[in-house]
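As structure tokens, the structure follows; a few thoughts come after it.
Chain nomenclature is as follows: A, B, C, D, E and F, assigned in order of appearance, with residue numbering initiated at 1 for each chain independently.
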């Protein structure tokens, strides 16, 4: 069984930096895999990626040593099992509100007797090794998202659930949860304070804290806070940020161009 | 018939800045279309994009006012006609060596009696207007690439071919053509000199000069030279440049991370 | 934020006519968008369309001003959120039985504090404007389907649910619900009576009544009844109806042709 | 309405042999359809196949008389209805634990008043005949999977549920359920005994017993036990088994080849 | 070897009526196949269909007895051979100008010694029978298009080429060829006269005459002229014609609707 | 630059065994890559695979160390360059008749000054290393096919062309070329003799001889003859051979089953 190097880092308290894949493009995925992130997470929740796309993206990531994760659209056992069968080394499960839901997410990630995962690792065994079914329970990462008001009142319950490997904060939803506008990379003091509370709770429970960002600034800020699973940005975000900045530089020095109304 | 705003700018001597689409992703295309480029060029030659992908990308670009171009893999009438039918506002034809080849490219872009384009504008009429067949000959851009040794000896022949709207330099192939290593954004004096020669020939013939770059620096340099059709970069290029730079920044401040060998 | 013109019409009591997209073809979608319907609804329930297809179809519809709707397969928050993120201006939710289920559908369409929609409008923000997250709650249409026996006993409960913008009748399922064979464009008096009952209940609650048809005749009949969201037909339905009628005309005048057994 | 020949065989107590489709390839599907299996089952649970793939595979199978089945990822009415609308002649529903869940699976397969299936047989009517909605309830096969510990304690409850046509054993999950490692083609006596218990329960209830295998040996063994729906192997399984065996034969006689580390 | 019923009809002097497939949708193809046309032609020239789409469409047509044809983008042996390998029962080759080009088209359709077709009927053998390689030369239809000015001066040369089964007129290109605007269903007397000339030449050479139309009127007119291979319309054409007509009817009776600018 | 291990073996006179990919399935490709072949060849000529499929299959193969080759549909520089850009380590070029055509194939595989390959290794550089453009000329394999009557008269001309790395025999076309029915794995003495002639010519010119087979028997026979690039079989061939054999075994022992007419 191939080692899940991201999960290993979290268990050893070492930070990891990854990126988010929101476009349905295996070429984007393969290109970012060659950039050197610790893991890449294919977004089936908010991106425009579907399961069939995810399979090609998982194959593209497997051309490198980068750890492939998938954020599923919902805490749904069928989808969690299916992306694991396709070769994801872990799942990120959104909107986990309480211990029961955390346990439901974990159960879908683990073969019996630990969980209810059904046997049939179509691509996962091919990629990870012939002993996959025996070894997967300890190498598949179960990452729950902490981002709702209810979850904030049940942190210990969620983080104390056996099998939860990491807790990933969705900062925009978290902002909603504490009565702020739904915005990530959030400078509001109450937001930062809430993030700190979650990180500390994670540390108490031996769970790796993680969070989404769209910038170097917030990545560094959260790494400094102790987050071990930090997203630096997304495929599309990197692309449009660079293109916009460079185009602005070029346009500003141009006397006159055609006006494109987008 | 919808006006080809890029072609109009070239005819009026105004510069345009565009980007290259190398990934088979309509979402990348749509995202870059919203960045504000004058045109986007779908690469069927060197990218990993196929015709079916190009159709979805043309649709994605059509959600904005950005002008969609396609670089075809070869000076092949069937492919040129087919991408125009799918809604491209112009084609970029690689490796044009002489006047005869330039005329062949033009002929594929024009309905009779000017050319040999076959009638059947499946998507082009829908997107551009009911009078498409009548008006297309003056709104479809035919861009020939100047990038081979033979072409350098036949510049006037190529650029004097009626119907050639722009001449686009492939700088890496041009480097090969003058005996240098195949590299774009090329600082070699002989390379720059060759580019200048081509630009001046274009200006003599009333053809818009264009060139490919991967940077603000070279975009500005070539705009200063008089190029009217300059590529600032590509989808994948923007994405990986930004991701690499930001990741490097973050990594440099990190004590220890997992080592991913890519 | 781009105005949802269909939703605006319903709020102002003006009728709208749309079409249903059942084939997984962005070219069909774009072609019908150019016909001039007020809205097009991509069918993820009974059609053969999958989410990845829907994304390309949403892009195709966005090349025009037509309002894109999606019928989801089930009253499932994850799918509702995901199609909205992909740029649907509203969802049609099948088989809503009671007020609780109506509230569940609405909640998935609204950001907190009105609902539980998670923040991440990948394509929706690009298409609708930078203020999407702030403005979406009032521009995204939530359309519940009334088509089950239980729903008929709970019309006021469903239609009184805050946030329900329209109620769309599935006439074949409605036929089942009242003990008739499952057939749309249904001439049975009890069917018409039931439709009238639902329309009147909608009018009482300020909810736009809507219904599916496959013909001009029933479209006109239901518009006369006061329906504000009427489907005239589907991509495949239009195509095969015209092809069958024309082929029959041609065949009837032909002396002898080959017999194709289909 | 086209006859479901597999279902007819089960009702008449005649055995059928089929194969599993785990790769997202309509060409694989069509190729295996021409091999002469009684039915082919597209796996949406463990394979890497998505709904859009399944539609093309269903079309490919429809070029022959072979009966197309689909294993859905979960006992979820929306998915069951959607694959039936796409032309599946039956569904295999995994992880059915008790009578209530069996009834839920059946209900999704049957139009009212027998079930809750929503009317809209997009492709199914085209393939099976104009009377599809009237006749489908007796021609669509509902196959429940018996593979969990709970199900073993509720066999009579599950198999006694009206509308259950067959019970299909997932042998690897069944191994988990009785405390063995998760392995199919399982020689453990307790495994065989459990299979026998299920087969006998099926026979008591007039339900066709079925089981998954990966070999001639186990196919024959289970046919001898009375199983009427036996899977001989999968697309990918057949392919890699033959390729591995033949390559091994060839390699063993070769003096020296390059070493490929896979 | 399955009989090519369209080719058989042409050989026996019986007319056939078909339809054109311009959208990349196997569901459109399957739906039209069930309408009862003698043949369907997948358009790889002007449609937005690519080879990969064509394969799925060929599979969809093979669910019926309808004869599948493919119009290739160009008189290119590689493409002709590849669509035949994928199961097309014949090809329509555009823009054939003279006898040499006609012979080139024929050669690509025939195995040696008659032609140069390479052996490898991946899907064709599966669909047509194990004796495909032996029998294909007499069952594969080679249809050349007559639509250029040069072709009009070389009708006997083209039509006298051994192996040409039918000659299909592209009426819009033909209009160009005789100095008229590029329009099909063309009422100009000179256009009709030219069509007649071609039909008579076909009859002289025992080649089946064919032509493209978009209407019942022109289909009947050309059948009356003796055309044996007449296209009644296209998938998208049928769809939008019916949708536009019906929508116009409905709109005309509506007091006020929203204005959608398309 | 990653070493082309297949090419290296041929240069050192060591035999290699590979397989052919004819289905458009990246999962098939990945599965066969794990079986342990020295190389896999994606068939764009006779298979049903298109370029877009090939890209995903190349990515799938890149998850292992197996060498990816592509057979192009025709000796066409544009296609050869494009599949190399997508990451193929070599191309197999069909129907090469003479030295001029061999030189044309080689030129498309080599950057100037050796050839005319255009610079733009979109995916190839990512997969093979940053020095790809500098090193590719000596690591990309150019394999020409010997299978026509003309080629048999010009063996020395073809095999003496600088840059030809291997010569691959298409046995069915070769049978045509010598007046036999088009059949591979061909026992006819004249066929074997012709193969021997080609192999010896290859050995004289230091070109690796190769050939296609569908069986262990012919693989061994040709390895014994000195072939260094032997195809053992294809994805679909392995699959259907095993499925047919196993099904036959099972059926023969079954008393009565349903009859499926395929």
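As a convention for this text, a contact is a pair of C-beta atoms (placed from the backbone, for glycine too) under 8 Å apart; a residue touches a chain by one contact, two chains touch by 3 or more.
Predicted model only: the values in this text are computed from it and were never measured.
At the interface between subunit E and subunit F, two copies of one sequence, fewer than half of the residue numbers in use are shared by both copies.
Residue-number overlap of contact pairs with C-D passes half for only one option from A-C, A-F or D-E: A-C.
Separating the CA-averaged centres of subunit A and subunit E is a span of 51 Å.
The centroid of the Cα atoms in subunit D and the matching centroid in subunit F are 36 Å apart. With each centre defined as the average position of its C-alpha atoms, the distance from subunit B to subunit E rounds to 34 Å. Contact with two or more other chains is made by residues 22, 24, 27, 31, 34, 48, 50, 52, 55, 76, 123, 236 of subunit C. Under the contact rule defined at the top, the touching pairs of chains are A-B, A-C, A-D, A-F, B-C, B-E, B-F, C-D, C-E, D-E, D-F, E-F. Partner subunit C is touched in their complex by these residues of subunit B: 26-27, 30-31, 34, 55-56, 59-60, 62-63, 123, 126-127. If you check the complex, the residues on subunit F that touch subunit D are 5-6, 8-9, 14-17, 19, 22-25, 27-28, 31-38, 48, 64-66, 215-216, 219-220, 223, 232-233, 235-236, 238-244, 246-247, 249-251, 253-254, 256-258, 260-262.
Partner subunit B is touched in their complex by these residues of subunit E: 22, 24, 43, 45-48, 50, 52-53, 73-74, 76, 94-95, 147-148, 170, 172-173, 175-177, 179, 181-184, 236. Of all residues in subunit A, only 50-52, 55, 76-79, 81-82, 85-86, 111-113, 116, 118-123, 133-134 touch subunit D in the complex they form.
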